[in-house]
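Both complexes shown next keep chain A, but they swap its partner, so chain B is in the first and chain C is in the second.
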Partner chain A sequence: MSESCGNPNFESEALMSRRPKYDKTKICVRCKLAMGSVVIRHVVYCKPCFGPMVATKFRRTLEPHINVTPDAGPRRKALKAPGSLLLGFSGGLGSVVLLDLVNRSYFPPSNSTGDASSEQTKSGNGIGLRDEKAERRGGKDHPRNLRVWDKGSVCYVEICGAFPGMRDRTEEMRDLVNSNFPQLEFISARLEDAFDDAWWNAVGGKLVDGAFRVDVSSEELHLSAMSGEATPADRLQKYISLLPTQTAIPSAIQDLTRLILLHTALYRNASHLLLGTSLTSLSVSLISSISQGGGFNVREEAQEEWIPPDSRSRPSQIPIRIIRPLRDVGLKECAMWAWWNGLHIPGREKHPGGKQGVGALTYNFITGLERDFPSTVSAIARTCAKLEPKQVSESHCILCQRPAQPGIQDWKERISIRSFIDSSIIPPPHVSRDGIFAKEKSDSGDLPSPGLTPLLCYACHTTLTSRSPRGTARNADMASPLPSWVNSRLSDSIATTRKMGEGAMRDSIRDFLLEEDP
Partner chain B sequence: MDAQLFKAGDRVAIGASGGKDSTVLAYVMKVLNERYQYGLELFLLSIDEGITGYRDDSLETVKRNKEQYQMPLKILSYEELYGWTMDAVVAQIGKKNNCTFCGVFRRQALDRGAMSLGVDHIVTGHNADDIAETVLMNIMRGDIARLGRCTAICTQGEDTIKRSKPFKYAYEKEIVMYAYFKKLDYFSTECIYSPDAYRGHARAFLKDLEAARPSAIIDIIHSGEAFEVREEVKAGQKAQQTCVRCGYMSSNAVCKACVLLEGLERGRPKAEIGD
Partner chain C sequence: MSTPPTLTINVEFGGGLELLFANQRKYQLSIPVLIPPDTTATPPSGSAPPPILSKPADITFLIRYLKENHLKERPELFVEGETVRPGILVLVNDTDWELEGEGDYALKEGDEIVFISTLHGG
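Showing the complex of A and B:
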């Protein structure tokens, strides 16, 4: 119960009066006939009306973004996506509900074409979407009845490689998808794929001769050549172990997973990547992203279009649309949909440190607040939908590949003391003397060692450099491996942005210089 | 310095509550003004909300600060401005929502106090934690108008006095430590009618975030500075106008303070506060 002011033990008026669960009546607000079965933000629905309500929200969010060009007039054109469909699958509630809705809406069983098979019969007691027979009027060759996506796939990214001893759930997820959604192809990926040259090559990435590693003890994130052989899992574990805070670990896993899904979508010629982010999860993501400095990318948290920066496989450069079709459907609605349709939710595997992440803290905060202030979740999403970045971005972060705000380092320099060059100032323990000397060299005009910092967005740079008294363990070797897409772009950008010494510059134009008089 | 908040000859009022933030602000402004010859004329401006056992005590601290820092002090009370003390407001409406009344009245009171002092500029002691908390609150409440301006270090409307928050990037911890090491004389008690539950949740969340990730506060401020309200949304917002009753700036024909006062006068404590 909410406390407003004062001590509720002594002052009865200090307690806010609890609003009734429903506004006026227990009768369904939609059909106005049946007794309601569920209350969604003070609005009552009966079981038969609840299904179409969720399905309408789902389609209303997704369908305007399916065709390459959105419908201009009032008459909607037939839906036809320019590529295939990829669904990100985590095993959580939202992603299972997403699979179910996509499967029912766009991939009906092949034997149902032209007959009266409806999802009502498939799921027995469940709640259906629509009458398939009515949808198929005009015959199976009518443009309306063609498949929106020729092919649909489900990609599950297994994260157990990051944490030794964690359970591998790939087969469990494969069984679930294959048995419940046979129209959709199951694809498995692993988090360590991000560090695997073979995977990178397989998804059409550009292989480079040498990989880079980054020194996470310096603010400039100095780069050096990678030496020695290591398995992708070893590289991933090293990357995770060298992150400076516990909160950086869930963020890093989220970013790696997102990029693996995007590159998988690209390789499979997908035009759409759908994620099962519910309204509640979206609000959590938005607040979590803002709390980690991702305000510049607040639009991308809800919806984004991704054009790969160095794609060999897609010369036409059709962007992949990342859509969250459940972004108007709350967690409670998802749970009711799953319950009434008998969906099995395997759940997401908890990983070490996950509870201490900003996402987990935000989730607890938002869901706690939702109990007493039910409109908070939708208010967050609606408010953030009214925002846009202040500046135009001319570059993309090399790590998360989202638009990067210019002038980040200048901003950081301006608001805090960041120079430890003065010998009287004792640097904090995480800042190595080598890092300071490298900065000194670069400031004094000598050749600077290349750094990752100018290529990162604020959130990624802070994730790699922000420290905490409860930070992760210090290693003697603070050089971290980098994901394949970073190496690929670094090989280009380092070559093009390296500062040249006067001698090297002179050498490069030697042939064009007039000889000096003796 | 980068924001170029002041210029020589400015008459600046420091919003002084007697708390740690405004006391440190007054001290730092005085020190910098003298050390670097800013040429500012500094005043202390306090608002007496009329909360017995809280504001009367903190105003004693401000009066001591006046002597310590040799600055003129102006105290303006809700009672003389509106005819109501917060004690009287709470007696009428109860403790629920009283922070809304106090916040609306205070903003106007500061502006009116500044006008009576003839100052060009009001500085307040809002610190980084306050700004981050406000960003989160405005997002959660859907207050687009305030979200658009809450991270600005300096705000000024067409007819309003310039307002600045010089401690925008200073953490609350830093201010507390500064006050402690400088042995500043400040008052540290929570308002007896505060905190409101919603803000309390946001504050607790922010503290949890900061414990897990110390850069969280500055990260939220950076986020708030990085985005803005979309042009088409701004276009749909109400234009600034003048209250037909009191002449204060307002987004409606009658300003919020006058709406609230009317509710109090008519004995309608639960007057809707629409934006």
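Showing the complex of A and C:
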């Protein structure tokens, strides 16, 4: 029973009778013959019609973006991707369903000559795709029936290195992929690879002499040279431990994972990176991202094209398309697909401290909303798909490598308190008076130390600097290491923008100076 | 002709939900055919007078029965109020429980009830 505006304890009419979750009848809306087996956003499907419905949604989202020139209207050309395929795999429900759909649709066993439906009948109990045999006309060598991607890989990024004591599940995931999806190659990566020069070199990144660290206690995020030796895992743990809020931790992990996947895709000449984000997960990430300052990149949250910063000037570089083919398929549909096809879901490992973050709270809110008002979740995604920023940005954030809104620091200066030197303003708990005066003094010096802030987007700056209202525990050492791709770009950026002293400036133009009269 | 006092149903857990139930995926349960009309009432204890049994056992009762008799840990991950937590799907004989009246579905002999968690993420 649902509650209306009245008090149900005293007014019997205040309780409304619960409406059925389906619109009209229990008959399948697709075949109009069989009794329904599942209700998806008020629409009833029988079990045989459910599979093709999910597969159609998956293909309808993915296939217009496979060819180099995206299809504007109905597709008439054969599908052929310009590079290989990489799938991001987390072990969660959406990931496993994505692997299953990609495997059935584009990497069928070689002895079945591309007939995905024959694989279905082997299990006898699963739900099928549409009739592949009818579509694969023209023989096995017909261009229509060639593989869309020559090669497909699955990349799993293990995050246990960020949290000591967490279980390493790489081998479990390797076994799952190798045993269920033998046509796809398994690639393992680790979150600490983001801080590992060897990995950065292996994926084709430019190694630089020395690394930078950033002082996360200042809004300007002052940079300094990294000193001492530390393992990649130590650097990762230091980076995570210095994040100011519980909300920032999952955001940082998500960004690092995304960039590891992208650089892996780049190294393997992938043209497409597919992620198993379902409609429900997409709605959660959209709301969560906007609430953390990522509104400028709301379009990229759904779909994006990424060109590595080093090759943006090269027109020959094919961008990597990050596509979420399950973005029209809700969590319920994924769960039913997995259940009816007997897919094993290992699940994502929960990391400590994430329950009170904005992401986790948004997830609880959205899943509750989906149960009571199933269509609202798709309305969130559809509404966000209509949003776009007023201005196009040419610059990209050095950390997440998404477009960065220009002039964001000027705007922040106008709307927020930037100095606590006025004694009438009470500073927040994480700021000490001594620190304020020391910082203000250093800021007034001739040579400002370089900062990371101008190179960040609003969301990344917020992730690194936003403070909990309860204050943040201050460590003695607030200098955080930075991922390899940031170090690589910083070395270029700082080398070209460092302010020269008067003596150095005079030396550089010495040959052109006129001698002063004696 | 007498009504059998209990009915036998099969319960299965999927999507990681079995971890809350001693890591056992399948249960065969015998539950009373009729339960007290007050759904919040607990099963009769020794000294209390026997309640009037007038309502067929339904899935709402089954959820409470599972919580009280078989759930081993973290009940907040399985129940919310009188129903399952959002994100848990229920199938009645391989059919979505939303087509069967959800918690009001009256259980029958030999029914197969499946609880699937979707809380594994993407």
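One rule holds in what follows: the second predicted complex is superposed on the first by the 457 of 518 C-alpha atoms of A that agree within 3 Å, B and C clash if a C-alpha of one lies under 4 Å from a C-alpha of the other, contacts with A are read in each partner's own complex, and residues count from 1 in each chain.
As a working rule, a residue touches a chain if its C-beta (ideal position, glycine included) is under 8 Å from a C-beta of that chain, and two chains touch if they have at least 3 such contacts.
From a predicted model like this one, the values you see are computed outputs, not experimental measurements.
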item: Clash-or-fit label for the pair chain B, chain C on chain A; value: fit
item: A:368 touches, of chain B and chain C: first, second, both or neither?; value: both
item: First, second, both or neither for A:380, with chain B first and chain C second; value: first
item: Arrangement angle, chain B at one end, chain C at the other, chain A at the vertex (C-alpha, nearest 10°); value: 80
item: First, second, both or neither for A:36, with chain B first and chain C second; value: second
item: Which of chain B and chain C A:334 touches, first, second, both or neither; value: second
item: Of chain C and chain B, partner touching more chain A residues; value: B
item: First, second, both or neither for A:95, with chain B first and chain C second; value: second
item: First (chain B), second (chain C), both or neither touched by A:358; value: first
item: First (chain B), second (chain C), both or neither touched by A:390; value: first
item: Contacts of A:486 with chain B and chain C, given as first, second, both or neither; value: neither
item: Closest approach of chain C to chain B (Cα atoms, Å); value: 15
item: Shared chain A surface residues [contacts with chain B and with chain C]; value: 368
item: Contact footprint of chain A on chain B as seen in their complex; value: 2, 94-99, 135-136, 138-144, 147, 169, 193-198, 200-201, 205, 208-209, 212-216, 218-220, 222-230, 233
item: Partner chain C, residues of chain A touching it in the complex; value: 18, 20-22, 26, 35-39, 44, 47, 90-95, 275-278, 280-281, 326, 331-332, 334-336, 338-339, 345, 347-348, 364, 367-368, 370-371
item: Chain B partner contacts - residues on chain A that touch it in the complex; value: 2-6, 11, 13-14, 16, 245-247, 286-287, 289-296, 298, 356-358, 361-362, 365, 368-369, 372-373, 376, 379-380, 382-384, 386-391, 405, 411, 414-416, 458-459, 462, 466-470
item: Contact footprint of chain A on chain C as seen in their complex; value: 14-16, 86-87, 89, 91, 94-96, 98-99, 102, 114, 116-122
